[in-house]
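Paired with chain B in one complex and with chain C in the other, chain A is shared by the two complexes that follow.
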Partner chain A sequence: MLIIKLAVRNILGAGLRTWLNVFILSLAFLTIVGVQGLLQGFNQQAMDAMIDMELGGGQFWHRRYDRYDPLSIENAHEKMPESLTRLIRKGEATAILMTSGAIFPEGRIQSVVLKGIDPAQTLLDIPSAILQTHGEGDIPALIGSRMAKEARLEKGEVVTLRWRDIFGTFDATEIVVAGIMSTSVQSVDSNQIWIPLDTLREMIQAPGQATLVVLSKNLRNIPPDDGVFVFRDLDFLLKDLTAFIKTKSAGSSILYVLLLFMSLLAVFDTQILSIFRRRKEMGTLMALGMPRTAIIGLFTLEGALHGVLALAMAAVYGVPLLALAAVKGIALPSMTESIGLAIADTVYPAYGAGLVLGTTFLILITVTIVSFLPTRRISRLKPTDALRGKFT
Partner chain B sequence: MKAITLLLLLLFPFPLYAEFPTGSEILKKIDENLVADQAESLTTMIVHGRAQSRTITSRAWIRGSDEAFVEYLSPAREAGKKMLKLGDKIWTYTPEPNDRIIAISGHLLRQSVMGSDLSYEDITENHRMLDLYDAVVEGEDNLDDRQCYVVKLSGKIRGLAYDSRKIWVDKQRFLPLKEERFAKSGKLLKTTRITEVFQIGERWYPKRMTFKDMLSKGKGTEYIIESIDFNVKIPEHRMTKAALRK
Partner chain C sequence: MEDQILIATERLVKHYPMGKHLFTALNDITITFKSREFTGLVGPSGSGKTTLLNIIGALDSPTRGLVRVMGQDTGTLSHKQAARLRSIYLGFTFQTYNLLPVYTVYENVEFPLLLLDMAPAQRKKAVLQALEWVGLMDKQKSRPSQLSGGESQRVSIARAMVKAPKIVLADEPTANLDAANSHNILQMMIKLNEELGTTFIFASHDDKVIGYLKRKITLTDGKVVEDARMDLPEGRNTC
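And then the complex of A and B:
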């Protein structure tokens, strides 16, 4: 208890030196929590958006479908097995058919992926009902806002679409942009045109066929693979996003290491200076009978208290800042749109208990270790030398 | 007198049409001109882009309807690139520093070659029209001061790129001076025009053609046959993947 009292008195008595160290440490703590929170928030938002708009509770892919190979979609469609059609009838799954094509807005050719979706589906957050309510005439098409921007298309605009049927024969007709949806999920937006499923089946002469089947998020009993349609769970479907977050976390850790290094260096220097300047004090304490281990403990505790004070300071000015960021979100620049992931305009950081506790633990442990290292010299100190201001 | 003539024409139109050869006969004659067992040609392709035009020269060897080999000679950027077609597969070769062979199949055969209005299929096409299309003579027309039969072609096998075509065939030389290629919906997709021809032996052959994708705003692609030799003996190794790297 005496050591604690002494340590608190000494560290507060050091004045500005202590508070500068504490401030730098608190800054490192806040940066780690803030940046990690941003990444976690981004991860969660992107994951939720992708599940809601595209992935559902997992998907059955045609065995030849490869999302990294746009050419694979030409041959990746077939009639679905009874187990999947039953789920579709019950509203627990929805089929999507894909093929490639090209549109010619203002005479410019632009390659697109045509996706057929059931206009009545409610499983995905895609506003496919727009396709249902559209009147007679040209084929109604739903596109995302990025696609609209890329192709310079507006709602109600008519554009020529060219595609090939499954036998390879060209066909072309006019489609009308029935609606433009706003989504952060690029894979349902960029170069994608959504049209009614049955219309696309008719266009490419593939009645009853699908490229993939999206399952409901609430579906518990996943039917077995039939060899033609292969189940892909969310771990598989989200692995790009997970890998991206991992890469970003690893990249950010360089920043953390630098910040922590700078603040720990300050604590280390303070400890060295403190031990050098307080040789006589140490000699006096030893002469009064305080064991060397207790003196080491005192100095280590003083150093470690920097960490505790830093956490307290971070709580004072950091909690309101982080809370504000979590509520208001952080707007991302428009250039981030093109990196291929589901990035919303505004990211809302998420600070999990694990993140805060883990970072707290990291700061306290590293500060304690850094505080302890210079004190090892005390173990070799003779009281007589110390009283005269000398190191042995 | 005019009324009688008109009446006769209405009642007995057949003798007039009987002057026309049948669609199949016309296609047969076109095939005799255009389809070769084997040939070696030197061609120039001028791709008219929105801002500027690019000129690409190449040498091509064609054997039957299934085998073709193309080597690009200029510009420097394209020189050394090669293309081999065997059946329904195409391999393209990009020389050093890439030194890569890429296999192309399926719908990629219908993709544009080097940003032109021609597809890989167009460049390597050597099929007999008679085998692919049913032909009906629709009438006659005058094109560039040449008398032409107007012939409507409808696909007779599944999987043809164009469901139907309309060709204007020179009555004397039996070359399709103008061609319109249609989608299944009837929408016009592509046009070709033969603007210059030459004779080689018994055959009449296009010297200069213009291809135009009618859905895009481009100015089309000119295709010029600088020289062609139908009597060439193409060595076996030419039509192999190994020849791509030679």
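And then the complex of A and C:
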């Protein structure tokens, strides 16, 4: 076909202009993939951390348990059905019991959520074994580093804990900080105190009871609901995080939006400008008798070919770059604390197939559209106007 | 063979906006051109020569009046039909050359033939012949930016003539050429005019061109003030 031949001839003939254009396009492509990949890696890491530390492969919740209502947890525990205790015995699940309480560090009062966890469990990444090795005496407690900072507690320190048993009677005892874990997952850290499951069961006189049961990530057959404990899958459990990520990434990543905008602007700029600069050329083509549709086809095809070349170029120098970033990770020094998301200091970008294909598509479509629109507009001119370089 | 009328204009008027007023570039032009003509539009700068050529070539549209080219009213043609008319019947040379900047000389001359879908072997022959006519065989691979004004002009002429169109509209074709080149090219044009019956319409102030004309139309302020047959074109005797 003539226009294919001509498009290739134009692209090669333009030499440096073509390669500059293609280079800018490839930069735009890589910027979008790179920044998006960072964001995806960031989100993926937050999710993984949350799954490893807290959610497992899904959870069974006591029907009255409501994670948004701290008051609900006081009576949201019961004995577990056989189907769940069997899983726990096999090590494919672990029970968590919760109640609310308060501690009095240095005379201040701070309300906390008390969580009982089996010290022998290995299903969650919480270092519960610390609770096991602790000797006689005060109740051993495990807290996160953020909690330690908030309450100004140090390892080995003793603090008074107050709680209510199932009859609503206040009781108090001393607990000792047996260990401080460092974690990026806030919901196992802030205002949380982990103590041995059996100890908590005794404290609130709830033998054999649990608030929720965490399933192993590898568990294939989920037992049916029994009416008391209700299954919550990961989609449900991560709903908050996903929503949070969405708002956070929309709100706090002005940088990302800016980059995206700039990349697209670069595409717009190079394409539209180069086409408007070529309106005299289009006038010549019209004068020589090239039909309007062929001219539009030619310039649009050229734009699209620029896109294809840019993708090829991006693949050549971009793949090693992006791969390096994915392997080495990218350090985000100060963001962790302020964003409050579960992220580590180093983010490993993740480039999904969807991201790469989506961006490829986005670039190709953009470059084609921004070639098509101005060409169509110029081709509506009378040949003399186009030759004179008139703007419409 | 009876010479048929190829181009006819009827009460052609062209206004250009100039500030708040209208500037009349062509004023009531009624004129016909037959096949085998070798005609020049002469007149002072700004008298409307280029404007008239552009309108005849359907590159521009008149404010009022009719233009008929090869029997077709150009005012009623669609984009596509006008493009076809230009591609098949018309060859242009522009005052400003208008070469395609990224193409080589060869590719520039070849372009009209690509639009006509001519077979490669035939195409090559025609291109080389046209380059030979204008004396640019050694510049085939050059790009327009590497050419002198006169060379660019000759490429523009080769491009207009390569398809041996029925009508060649040549705007100041010799403005940048030396005497020898002008002479060669005009001889070529006369040859095409006589052998193939190609109609040439020039816009020119160049005396070298005027010496070859069979017919001279003088424009002043957008009006035809003289339309003269040149009985014995003197230039033709001096080859």
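Heads up, the rule we're going with is that the second predicted complex is superposed on the first by the 254 of 392 C-alpha atoms of A that agree within 3 Å, B and C clash if a C-alpha of one lies under 4 Å from a C-alpha of the other, contacts with A are read in each partner's own complex, and residues count from 1 in each chain.
One rule holds in what follows: a residue touches a chain if its C-beta (ideal position, glycine included) is under 8 Å from a C-beta of that chain, and two chains touch if they have at least 3 such contacts.
Every value quoted in this text rests on a predicted model; they were computed, and no experiment measured them.
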Touched partner set for A:Phe104, first chain B, second chain C, both or neither: first
Touching partner for A:Gly168 - first (chain B), second (chain C), both, neither: first
Which of chain B and chain C A:Met262 touches, first, second, both or neither: neither
Contacts of A:Leu2 with chain B and chain C, given as first, second, both or neither: second
First (chain B), second (chain C), both or neither touched by A:Ala14: second
Partner chain(s) touched by A:Leu71 [first = chain B, second = chain C, both, neither]: first
Touched partner set for A:Lys382, first chain B, second chain C, both or neither: second
Chain A partner contacts - residues on chain C that touch it in the complex: 54, 57, 59-61, 79-80, 83-88, 90, 92, 94, 96, 98-104, 107, 111-112, 114-115, 117, 143, 159
Contact set on chain A toward chain B in their complex: 71, 74-75, 100, 102, 104, 106-109, 160, 162, 164-165, 167-173
Contact set on chain B toward chain A in their complex: 106-108, 110, 155, 158-163, 183-185, 187, 189, 213, 215-218
Sites on chain A touched by chain C in the complex: 2, 5-6, 9-10, 13-15, 280-281, 283-293, 382-384, 387
